[in-house]
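Take a look at the structure below.
Chain IDs A, B, C and D follow the sequence of writing; residue 1 opens each chain.
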C-alpha cells in the first residue's frame, strides 16, 4: 500500500499554534497533505486532534502559523468558505440535522452545487425541478454506495448510532470534496461496523480519488489504512511519517504506553 | 434547544411507545371535539321564539372587566326592569343575551356575528362597547342593516348621518368632549379670553381612541391661544413615571386632560399625586371616570375631575324602581345593590334606554312585534327622547334629552363635569354644550374623507 | 388495509419527490381542497364562513409565515403582529396612493415591503439566539406598532389613526373588500390566496432553501461547515416569513375586518400566532393549519358549548371556564404529543398504514 | 460571583451614555429641557421603577435557572397570588394570616405544576415547556377570576404614597417607590443568602450548573422543581403586593410580565444579580429616553425603547450581561 504514488502537496501547514485564553491547544504543528492520500492524525484524548481539523476547515483561527492550500497562502477564512474550497468533514459527536430525513441530510450536502433562485424553487417547475432531480440522482448513488437505501426517508434522529455515522459520511461525500476530514468515524462501533466503515473510507479514496484526513483512536485501523500518520500529544507534534516509521518512534511508544515525561 | 439531544434518544423511544398507547384515547377525544365543532354549523342557538331579541356585547372578564361589569349590570337591569314591570315593550318581551368579549376585538366580532341573526328578527342594534370592535363592525353593519350605536366612543364623525346611515353616536363624541373640557377650563379661568398663554397637557392612551381628541384640541388651541402639549402613554399604561415627571416637574401645565383607559387611569392619578400635580386641575374624559378606576388610586384620586355624559348617583326614580322590582325579588344583575348608581352602571342604563326607546318608536310605526335592524335604524334616525319622556322613565336629570335626525346622529352632545370626593362622583357643573357649529364642520369634513376613501355616496337627507 | 404505499412504485424521482407521494394522501388533500372551495361555501352560514373560516384562514397564513421562520429555520420570533401590521398599513398606503391598483398587486407589494422590514429586524438573529432572540424580536413588535400609531402619514392623517379598506374587486366586478362584498366572495378570495401561498411554501421547504433552513435550525455550526452562509439563509427566512405575515395582515385589514387600528396587531397577536405553530407542530405546513384551527376554533367551541347543552351559565363564568379548559387542553395535548397536532396526525397515519394488521 | 471585565466596561459605557445623551440632547434641541436636578430626578425615578421590574424578572430567572423553563405564567402567578391575598383578606382574615395562607396556596400550586405538568414533560425541548407554561397561564387567569372575581380590588398596605423632597429640596422622590425598592432589595439579599448558605440553595445551584451532576449528588429533581416554583411563587407574591398596591389588584397585573422581559434578556436568563442590574439599566434608560429623547420623535417610546436597549446590549453580549456563555462546539 505504501508504494502508492501521491500527487503534489495540496495542503501545507506550517508552525500552527492555537490557544484559547491561557490554554495552549496546538503548539507549533507542521505537516502536509498530498493529493489522494489517506492522512491520519492520532494521539491520546486532549491531544488537539479535533482542534487541528477545526483549524483546517476554518472553524478555529490559529494565532501563529501559515496554511497553504493548493499553493496559495490562505487568509483567515469564514467557516462556510471551507466547503467552497472543497473541504468536507464529519464530526466526532455526530452533527447531523436531526429533524431531517437521511435523504434530506445528504441532499443538504449538495447545497453549494444548487444554483436555482429562490423564486424558481418557489414555483418548483422547470429548471428548479430538473436541478432537484439531477442532484437527487447523485445522492441516490451515494446512498447506494453506503448501502443505506432502507433508511432513505427515516428522520436521522431515529437512526442507531452507526447508521448516523454513515449518513454523516454521505452528507460529506455529497459535496464531492477534494479533501475529506473524518473525525473519529469509527468511534463507538463494533468490529463489524468498523470493517464496513474502513471499507467505505478506502473505497472513497480509491474510487473518487478523494484525499482523506482521518482522526481515529483504533490503532489497528489507522495503521492498516493510512498512508502517512502524524502523532500529536498535548498539542505537541511527536512524529510524522508512514505507519511503519511512526510505529517505531520512541516518543510515540512512550506516549502511548504512558511513560511519564 | 438541543442541549440534551444525544442523551435523549432512549427516552424518546420510550416516550414514543407511551404515545402509541395514548393515541386511542386521544383519537376518541379528537373525534368528539370534531363532531362538536361541526355541529357549530347548525348552531345559532334557537332562542325563545316570539320576543324581541336584544344582544349585548359586554366585557365582564379580562383586563378591563372592572369598568365593564357595572355597564353590563346597568344594561341588563334596565331590560329586566321593563320585562318584569311592563312585560317588555308594548307587550313584546325582551330576550336579552349577553356575549362576553373580554374587550378583545376578535371575540367581539365573533359575538356580533353569532348573535346578529338570533331571535325572530335578529339583533335590533349593536353596542360594541369597544373602539376596536366598532371599527371592525363599520362595514358589516351596513351590509347587515343593523344600527351601530356607540355612546361616547367610536368614530366621532359617525355624527354625520349622511355618510354613516347605520352609525349613531349619542349622546356625545370625543371631539365634543374635548371641546367641553376646554369650555369648562375657560369658565374656571373666567372666560375664553383668559385662556391665552395657558398651558394644557393631554395625557392619552396611545391608540385610535386616545388620539381622537387631538385634532379638536389643536384647533381650539389655535383659536384661543393656549398651549397644548401631548403626552402619549403606551398601552396598557402600567408605568407613567417619565410622563408625569415631564408634566409635573418640567412643563407644569395649568390643566391636564386625560383620555385614559383601564389601569392607565389609576396609575396616572397616582403619578399625578407623586409629582404634586393638583387633582383639581386634572380632568379626564368619561372613560377615565369610572368608579372602578378611582378605587385603586385611593386617596390620590380625591379632587380629580371627569366629564360624564350622564348624571351621577343612585337616587333617581329609575334606580328606586330597579331596587324594588329587581333587587327586592333577587333578580338584580349586580353582585349587590351597592353597585347601582356607579357611573358605568348609569351608562349601561342609558344605552338600554336609547335602545328601548328606539324600539318603542319603531313599534309605533311598524306595529307591536319584534323589530328588525332596519326598522330600528328608521327609528334612530328620528329618535327623540324629550325631557318629559325622561321624566316618565324616572330618569329626569340622569340623562340629557336626545334628538337625532337623518343627518345628525349625535344630538346636542352635552356633558357634565364631575368630581371625585373619595367615595363617589359629585356633579360640579350643569350640562355643558359643545361648540356645535365648529364640530359639525369637522364631522362633515372627516366623514367626507372617509366616504371618498371607501367609495361611499352620502345619502340625501333633504 | 386501504392506506398504504405498498403496490405503488415510483418510476421516477420526479414522482417520488411529489408533495404527496402516497396516492391516498393526494386524494385526501384534493378532497379537502374541493370541500373548502365547493362544499363549505355552499352549506355554511355567513357566521360560520365570515367569523370562523375567514379569520382561521388568515391566521393560518400568518402561522405559516411564522412556521417558516421558527419551525423551519429555527429562529424564535414574537414580531409577527408587527409584521402583520406592516402588511396592513403598506396595503392601505398602496391602495390609497394608487387607487387603480389591483388587489393582488396590492397584496404582493405589501408582502414585499414587509419582507424588507423583516430583513431589517432579522439582522440581529446572526448573533442572538433562542429565547433571547424571541424577546429581542418584541422590539420590532413594539416599535412597528408605535410607528404606525405615531406618524399620521401611514393613516393618511386620519384623526384616530385607523385605516379602512377601500372597495376593491378581484375578478370582474366581484367585490372582495368593503361593505358590499359578500362573505362568500371574501372567503373564496382568501382561500385561493392561502392555498396558493401554502403550495409555494411547501415547494420552498422541499427545495434546497428549505433544507438550508432546517440545517440552520438543527445545527447551525454544522450547516455552516458544509457551506451554508448564516446571514443570507436566516435573512431569507425572515424575508419570506414576513412576506407571508404581511399578506396575512393585509388580508386581515382589507378582507376580514375592513378597518383596523394598529392595536389589532399588538403583542397578543404575536403570541397567538406563536401558540398556533407550537400546538400545531413546528416545521410543518399542516401544523400551521391545525394549530390555527385549535387556537381559533376551540375558544369559540368552548364559549358556545354550554348553549348547546341548554345550560344557562353567566357569561363571565363561561369566559373563565373557557380560559381554564383552554389552558388545560394545551397542557394535555403537549403531554400527549409534544411535537404538535401535525405529528399526532402523522402517527395516526402510520397506524392507519398498518391497520388492520399492526404486527 | 466573578464578573467579566467587558461586562464592567459595558455597564460603565452605558451609564456614561445615559448621562451624555440627555445632556447633549438638552444642549442641541430647543424642545428638550435639561437641568441637572431634573436629570437626577428622572434617573432616580427610573432606577426605582427598574427595581419594580426586577421584582417580576426575578421570578423568571429563578425558574429558568433551575429548570431551563421560560415561565410564561410568571405574570399570571403575580396576579393569582395578589388576588388570593386580597380575596382572603376581604373574607376577614387578618393581613398576616392572609399572607401565610397565600404562601401555602403558592406552595400547593408549585406541587400541582410539578405533578401535572413538569413531570410529564421532563426532558422535552425548551419551547414545549414554554408552551406548557402558557397553558398554566391561561388556567390560572381563569381559575383566579372564577374564585375571586374580575372586579378591581384595593390593596392598601398603609405605606406613605407622598412625594418628598431630598437633597436640599432639589429632588423629588415618591416615598412609595423608595419603600418598594427597599423591599425588593431585601428580597434579593434574602434570595442570595438562601442560594449561598442553605443546603437547598446549594442544591439549586448545583442543578442550575448541571442537571446530571445534581442527580448524582442525590437530590431528587422533582423536589428541586417544587422548591424553585414555590420560591418563584413567593417572589410573585411580593411582586403582586408591590404592584397591586400601586395599580390595584386587577387583571392588568398579569401584563407587567411584558415590562420584565427586556430586563430578563439584558441581565441574562440565569442570573439573579443580572435581573437587578438589568432592571436598573432598563428602568433608568427608558425613563431618560422618554424624557430627553422622545420629544424629538413623538413620545410614548418607553416600551419599545426598553426592548431596543436590551437588543443593543445583546448585540455585544448575546447571552445577556450575566448570563451563562453559550458555547458552541463541534
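We take it that a contact is a pair of C-beta atoms (placed from the backbone, for glycine too) under 8 Å apart; a residue touches a chain by one contact, two chains touch by 3 or more.
Keep in mind that this is a model prediction, so the values were computed, not measured.
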Quiz item: Just by CA atoms, which chain is the most central one?
Solution: C
Quiz prompt | Chain pair with more C-beta contacts, A-C versus B-C | solution = B-C
Quiz item: Hey, how far is the Cα centre of chain A from the one of chain B, in Å?
Solution: 69
Exercise. Give, as an integer number of Å, the spacing between the C-alpha centres of chain C and chain B.
Key: 32
Self-check item: Distance between chain centroids, defined by C-alpha means - chain A, chain D (Å)
Solution: 48
Self-check item: Rounded Å distance between chain A and chain C, as computed from the means of their C-alpha atoms
Solution: 41
Self-check item: Contacts with two or more other chains, residues of chain B listed in rising order
Solution: 1-2, 60-62, 65, 69, 206, 232, 234
Quiz item: Hey, what residues on chain A touch two or more of the other chains?
Solution: 59, 91, 93, 95, 98
Self-check item: chain C: positions in contact with at least two other chains
Solution: 130, 142, 146, 149-150, 218-219, 221-222, 225, 316, 319-320, 323
Quiz item: Where on chain D is chain C touching in the complex?
Solution: 70, 116-117, 120-121, 124-128, 130-132, 134-143, 145-146, 150, 258, 261-262, 264-265, 269, 297-301, 303-304, 307-308, 310-311, 314-315, 318-320, 323, 326, 328, 330
Quiz prompt | Touch list for chain A against partner chain C, complex | solution = 57, 59, 79-84, 88-89, 91, 95-100, 104, 107-112, 114, 116, 118, 121-124, 128-129, 132-133, 136-137, 140, 171-172, 175
Quiz item: Can you list the residues on chain C that touch chain B in the complex?
Solution: 43-48, 50-52, 55, 74, 96, 130, 142, 146, 149-150, 156, 158-162, 164-167, 178-180, 218-219, 257-264, 266, 297-301, 303-305, 307-308, 314-316, 318-320, 323, 336-337, 344, 347-348, 351
Exercise. Please give the residue numbers of chain D that touch chain B in the complex, ascending.
Key: 33, 38, 41-42, 45-46, 49, 68, 123, 125-127, 145, 149-154, 156, 161-163, 172, 174, 176-177, 243, 246-252, 254-256, 259, 286-288, 290-291, 294, 298-304
Quiz item: In the complex of these two chains, what residues of chain C are touching chain A?
Solution: 12-14, 17, 200, 203-204, 206-212, 214-215, 217-219, 221-230, 236, 240, 283
